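Both complexes below contain chain A, partnered by chain B and then by chain C.
Let's turn to the complex of A and B:
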């Protein structure tokens, strides 16, 4: 990358007394990117976002925005705007006054400012809501007002602190799509904080997965999902089955691992996770990379036998927990439900097919 | 069925009345009845040592045509206004410190400290100010021992601080400070802290954010504090009596004089009702102006 990053973290540390909240964060966020900070609560993702906004001082290191070191620059002088988790809509002001709050020092005329506000409201789908009292809005509408209020100032970076977590599922999914569209439209760099892995996968160009004040993996959604670099990342993003394995041989680009119940597996070196997983190596695979074989179906590469332990029906999908012969714990397999194919019962004996390309070896 | 339903509603209604009876009885006996009595008395004739139960508006004519009443009423309102201004202006920074300057775990302790003046009686607090401000009081003796007051000092004679509007204002402002601090504190506590971050995030400095976000959101507390301090101070009796030395009477002193020493209860009642109406009108005017102002601010 020759272009200058929009945001650069250089060895950022943050202490709250003895508590080490950020432990040497180094990362770059590209201009125009939809970037997510993903992690469980308490991992430091919100703290990191707040160091960009200027609400949190850092103990050491540097945060650069568009090449400029932000040390000593207060929040009101930074080229960033934020959508707060609680939306922080001013309850004593109308919708239009909320959206126009940051325009006070703008030199344009009153009429032009009013037009800007109207345009911003239209952009977020709240045309004609300007005169309403802010406290009379629904959660989704508040979210939109918060977005319009931030975007009207044309920041270099828009910071979003769990903006969708307070919305119910339907509106959340709708807002996810709208946010992606909006981001493409305005071309501003978005940095999203979320604990919802699905939300991060849906919306982001790249995701930084954080645990305990450190970035565990920074990659695009597909790489994170297909090639997590540690068991922890794999566990946090989606569902992954882990089977204890013993590495028995390495030859060129392939590694051979012995898995009880599946036999010897050959795994491409590109599918080997870098982070060590303790003494015991493990083979991981996603539920959808395994397939239940029906009567007469032939296995692609390999197959194993087992008994269905549990069935969870989701409408479009069914999750089967299958105990493969020679294995202690069942593995989870997801199957798309197809018209005319029955959902199998608990206790049914079944064959399972897998392809070695979908496996990840953690060692 | 219908009869049964009716009796059921009746018993439901009866239960409701039974539930509100204690506060209703309290309100009628201790609030409405005394007020009604005063109102009735204000329309009776005074027959020197007796009250003649005949309707007259003479008491009101006497009240409002009496220049002394007007002087004393204006003085009461002026002192109460001064006290309110001083109290609210000083209470705001204290409430702000309590709300924004302290860790949540320490707030309760500080609020307890603020209520300490209430642990002694109002009368004793007023007397303490007399001790502090008196001719041979704490302030004068201190200045004397420092040599500021005395034959060779900057000032020849001890300061005459008691028996003045200033001393009354100081005493009342001290007595009512917690009443102003607490409502302002509560309204500041209710402000979502992310609103202040949002103000700064949108480009405003801390001071500007205070003016545009904190202050308007704290206004309900300021209004409550203003009314809570203003209304009782207009009718304060003890402080003008003790600190003012009876030389600067306020409305309550005038009412007391009519009611007891002069034994003209109808006229005393008329003065009481008149000042009640004036204070009520002022409070409503204040609320109305405040609402207008808040609307204009938007």
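Let's turn to the complex of A and C:
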């Protein structure tokens, strides 16, 4: 598939004085995609997003939108619109004036503009709110106004800087679903900045995980979760158990690793990722790929024994920290709470099963 | 009442502050030339006499012209200075802003003398209300800047970016977004400059040449006991005008705040 990318970063560097904020970003964002920039605070997500909008000059490299180099194109001439983290609603204007702000330079008649505003408000579920004072809206409503205001100009790209971080949990989850729907409806490329890995996994087609001004991994959510390309990414996305391992053999496509307490494990080469140089090799498991076995249950592939160290009850799920025999540190196992299966107590001896296909070897 | 001494102190303080001002209307309406108790009787004659006084009218119009133009000038300059100091980084910003703010703490008499020297020896201009206006712009500028810096600093920068992002130019953004949002600050800055100029004595005394302003006229009349009741009437009018002016300004300021839903961060009243 050789469609032209909607956004292309070519070796983008950004310095703030001596501080190297973006360190050679090269990536492509596809047309119509829901793309997320994910990373810890200060990694440069916002800076990268602002280079697309034109608020941040880059020190070297190039940013292309729809094939066109954006060097020297000011923010007000770029085919992008932005939803700001603070929403940046103009407090002295009405909702309709806010939403219609971008149409000021449009030559259409007043009536047509009013109709566009009404349509945009309807799209975000604020039909009839036009005459309200913008400063009197709730957080969720402000965000909708900011969305309508940005989308009314039908940009090629919509940029969102942590748009949900100021909302409380319930509204945030509801807005996540609405944003996905909205993006499918309008078909515009969305680029979202977030530091919330769950939010990125839920919403995105593809995610770029950033650390210290660099993209560590760019992949779809499932690949990121199942096959993180480094321990750092694995650690940042969800929970992963790391068990020290020693590589004892390589044969064709399989590698054999020895883990204390689990014995020799065979890992497919496609399941091998990077560990920091000099670090000991490790085997990684997601908590849900391990299972506690109840009385009389048969093991899947492999089995080990251990004692429950800690129990964290979440209603639908329970997290168990289990210290396997022969292992120094406990591993975290998550179990769905099924009717008829009691939550086990701390100190219970239990059997644990896993399947070798679910593990990642970091070496 | 939990702690009466504090309350008494507060009352005494207010009395000390405002009782002298209350004496103004008292004697302005008193039918007698001597400023002393007991009061003689009620008259509005001093006000009529005040209205007939040509020099006084001249001084008043001079003062109003000086106050209006100098506060307009100071406010406009302060808008640029406050904007630059809160939004942009430039070389030697600290020292430049420090020098601009210095007249706030410099004794007025120094300002008056040095400005007089500059006008007469360096610029070689004749003293007039024009030179007073210049002087008043310089002394009220720091106050106007101080007020406006707060207004600009509390303005969320992403509002401007949002307007630019939506296709507006930098100048359009300033006109449509920045200016309306700092308007309460602009009104405050104008009022402060206006009141500073209106009752400023020393600089006006040095720079006005033979032109009277209200404060210099009042001072010159205090030598003549017979004209003191007229001064009292004038003072009464000024007090009334100040109250009206501040109330109107405060009304507009509060309305501006309400329209933008901003928090009240202090004004005059």
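One rule holds for everything that comes next: the second predicted complex is superposed on the first by the 356 of 363 C-alpha atoms of A that agree within 3 Å, B and C clash if a C-alpha of one lies under 4 Å from a C-alpha of the other, contacts with A are read in each partner's own complex, and residues count from 1 in each chain.
Going forward, a contact is a pair of C-beta atoms (placed from the backbone, for glycine too) under 8 Å apart; a residue touches a chain by one contact, two chains touch by 3 or more.
Predicted, not measured: the structure shown is a model, and the values here were computed from it.
After superposition on chain A, the partners chain B and chain C are seen to clash.
After overlaying the two complexes on the shared chain, residue contacts for A:84 are found with chain B and with chain C alike. In the superposition on chain A, A:153 makes contact with both chain B and chain C. In the superposed pair of complexes, A:94 makes contact with chain B only, with no contact to chain C. After overlaying the two complexes on the shared chain, residue contacts for A:76 are found with chain B and with chain C alike. Looking at the shared chain after the overlay, A:358 reaches neither chain B nor chain C.
In the superposition on chain A, A:135 contacts chain C only, with no contact to chain B. When the two structures are aligned on the shared chain, A:293 is found in touch with neither chain B nor chain C.
Touching of chain A by both chain B and chain C, each in its own complex, is seen for residues 53, 55, 74-76, 80-82, 84-86, 88, 90-92, 101-102, 104-105, 149-150, 153. By the touch rule above, chain A contacts chain B in their complex via residues 53-55, 74-76, 80-82, 84-86, 88, 90-94, 97, 101-102, 104-105, 149-150, 153. Within the complex formed with chain C, the chain A residues making contact are 53, 55, 74-77, 80-82, 84-86, 88, 90-92, 101-102, 104-105, 133, 135-136, 149-150, 153.
Every residue of chain C that touches chain A in the complex is listed here, in rising order: 156, 158-159, 161-169, 177, 180-181, 259-262.
Per the touch definition, chain B reaches chain A in the complex via residues 192, 194-195, 197-205, 208, 212-213, 216-217, 294, 298.
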